[in-house]
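Letters are used for the chains, namely A, B and C, taken in the order the chains are written, and counting of residues starts over at 1 for each.
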């Protein structure tokens, strides 16, 4: 079993605000193997984007990575200097964001921005760079790339920009591509295009992908494994089929039950009562406790740890690995 | 046996594009280009389409928030564009709208009570204590405690704000509710609450829903019939189950195959080439022609009509008749 | 466990949390208190206003009283006397009255006209907007000094009132533009659309929906315009276009200027008063902007 490409252990990223310490990411373990696609699922505020930014060491004041380690290709990224990180960012680890229009500088042409990325991470001559840009744009299916590279971001549609961004991210031989909700703002048919593109490029560049999102359908299209986050903690981690067929954590189950499905007939959708908790000074208990229908005594007193309950399947829940019976009277 | 509540007849809405030194009209946006359909009393009618297809414009023309370029919209048999301002204002009580952005649709400087009670104010339906009572009833109906009605929108969460928007829509006892992407900006777990609420309310009050969305799964869950829009025209219209299971129009086909299904990886998908063209001065012929995988010469020449291929199932395509 | 807002029981009577107007003002005050500078500003504004209001009670001497001329600050005359023997302290106090009157008066005229024109131009757009904006442009080009002279010679009114009116009548375009652009953008808000879909009339939308949302901007602008007009009046006076019969700080400055080297107290104290009042208003206006804004942005 070779070493994983990315291994995050006990990552803690806190935001020190005037109102208190927001524990946005509170002890998260993740790993991605070479060539694997991991989906990180959760609702807004659960900390998944913070995990991505922490991996890239892009967390700014008042946020701070206060603990844990992030091992990439065997080295702890948290030990690296800013200069070393800059070489890695955009090079070995690339990130694309939700809204491509705001990730691109509106006053520079698309071609020049891709060229800048290439210049930073590869040694190439000026004319070589230009050819590379054309090659990249062509690869992602932008028509007439030689002319389009002189266009500005606002002259591209959302889908085309996202394709260009994906190309830019992978162009510098990225080993790991982090995609933070890349298709959330796009139409369904464009989304399909982007996902197909990512599948193709991933095979070609043999890259791993950390796909962050809240749409289970999108996750299913691309991912081999899925990790579910809730309120700053990782609650379940399993491969794709297991998550959908045998989800064990109550939150995962409830989440899957609350989305309208094309393949399943549902009269009423399952709702999760209550609200997502505030992450400021959370009490030491399972974060999902107030909304869980299977909660029992210990859930309100201790935080469950992530334990392996099967082949590549881990859960953080006291229903598993503990002997107490669930207390159905809870409410 | 249900009567028609709303009938849209050959509706067109064009926007002029001004340009040049003298600011003449240089081009036209064909936002809605000849749309016809009818909505039956008590049903939930869905309108799906991707961005730029004109569904938002269509909703606004139907509610007479913007004037049409041509065509008619008949509510209970009367063309609303022929009504006087006064009559139209009264009619607005019966046609309420729920908006996409829960934060933007509530005036941040007005208390919830003021917002929810506004239909009552505008039409003089209730005053003072009676108005307050009615507002509190509405809040309870949408699942919110009346205790907080004098608070401001920013003190509520997204899901709660959307409920408030629904309460406001209910204030005038509407018969037709137009919902424009009511859950798109909400968290996944909150969506379920709102969708269940909408269904419950329909059961209790017997509303007719006009449900607009780009989220196909939600539309399938909520609607009885659905119309698929592309570039200002309806490509296909029919009962939800049939359109989703066996789509006839090539665009609908591609749309349905593009939807990712949780838990399954699609092997065979129709990936459309290119992007959605702009609705500016469209060329003659079928709008979907440039991206269609089945297109034939006739498709570039003539615009296909919406024809009934099976009972209640309409398609606008030359090749699938 | 249910959300704090879910409806559960049928308890009667229905309890409602209804904060009174006083509570709301109190909440704005609390936010204002957070900035020390704003509090200083507010204190200054309060001080000047009280002084202006209670001038006859506070001033030790009647401003017209003549005593020994050009006396430096002493026990009897805390700030000295001016060239005609009037007590500087009393002059500065009464000067506050005049200057504040000028500032408030001009701002009042400015706000009323700007609101009216900006509202209509911004909301209705089209031809009306074009016409109103052209009028605004014309007003901007009118020469202040000439109009001042014209007005003074035409009307049998005290110069200080003319100045106030002319300043207000010529100063509204700036605020009108702001009002107009706010209306233009807020007109497209979803809640305005919602109101129209309910059948609201244009008037209702303007007054109940858009106006309250721009009120805080206008209040802040107006607050910061008051010192501007006080200064402007002082400038006009200094240039010789003031009202020599009043004793606004501007007039005091002009008169004291001649004695800068011999009797420094005649220009210094009015100058300081003007300076600190301006500063106070500006700080207050700044703080007010933040205090009023927070209600919109929430937590």
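Some points to look at:
Convention: contacts are C-beta pairs under 8 Å (C-beta built on N, C-alpha and C of every residue); 3 or more make two chains touch, one makes a residue touch a chain.
Note that this is a predicted model, so its numbers are computed, not measured.
Averaging Cα atoms per chain gives one point for each, and the point farthest from that of chain A is the centre of C.
Chain B has the Cα centre that lies closest to the mean of all protein Cα atoms in view. Separating the CA-averaged centres of chain B and chain C is a span of 47 Å. Between the Cα centres of chain A and chain B there is a gap of 32 Å. For the pair chain A and chain C, the distance between mean C-alpha positions equals 52 Å. In chain A, the residues that touch at least two other chains are 275. For chain C, residues that reach two or more other chains under the stated contact definition are 3. Within chain B, no positions touching two or more other chains are listed. Contacts from chain C toward chain B in the complex involve residues 3-8, 14-19, 189-191, 193-200, 204, 208-209, 212-213, 295-299. Per the touch definition, chain B reaches chain A in the complex via residues 50-51, 157, 187-189, 191-193, 195-196, 199, 214, 216-218, 220-222, 244, 254-255, 257-266, 269, 271-272, 274-276.
Residue ranges on chain A touching chain B, taken from their complex, read 43-44, 143, 157, 159-160, 187-193, 195-196, 214-221, 240-241, 243-245, 254-256, 258-263, 266, 268-272, 275-276. Those residues of chain B that touch chain C in the complex are listed here as 63, 65, 88-90, 92-93, 95-97, 99-101, 104-110, 115, 118-119, 122-123, 132-133, 136, 139-140, 143-152, 154-156, 160, 165, 168, 172.
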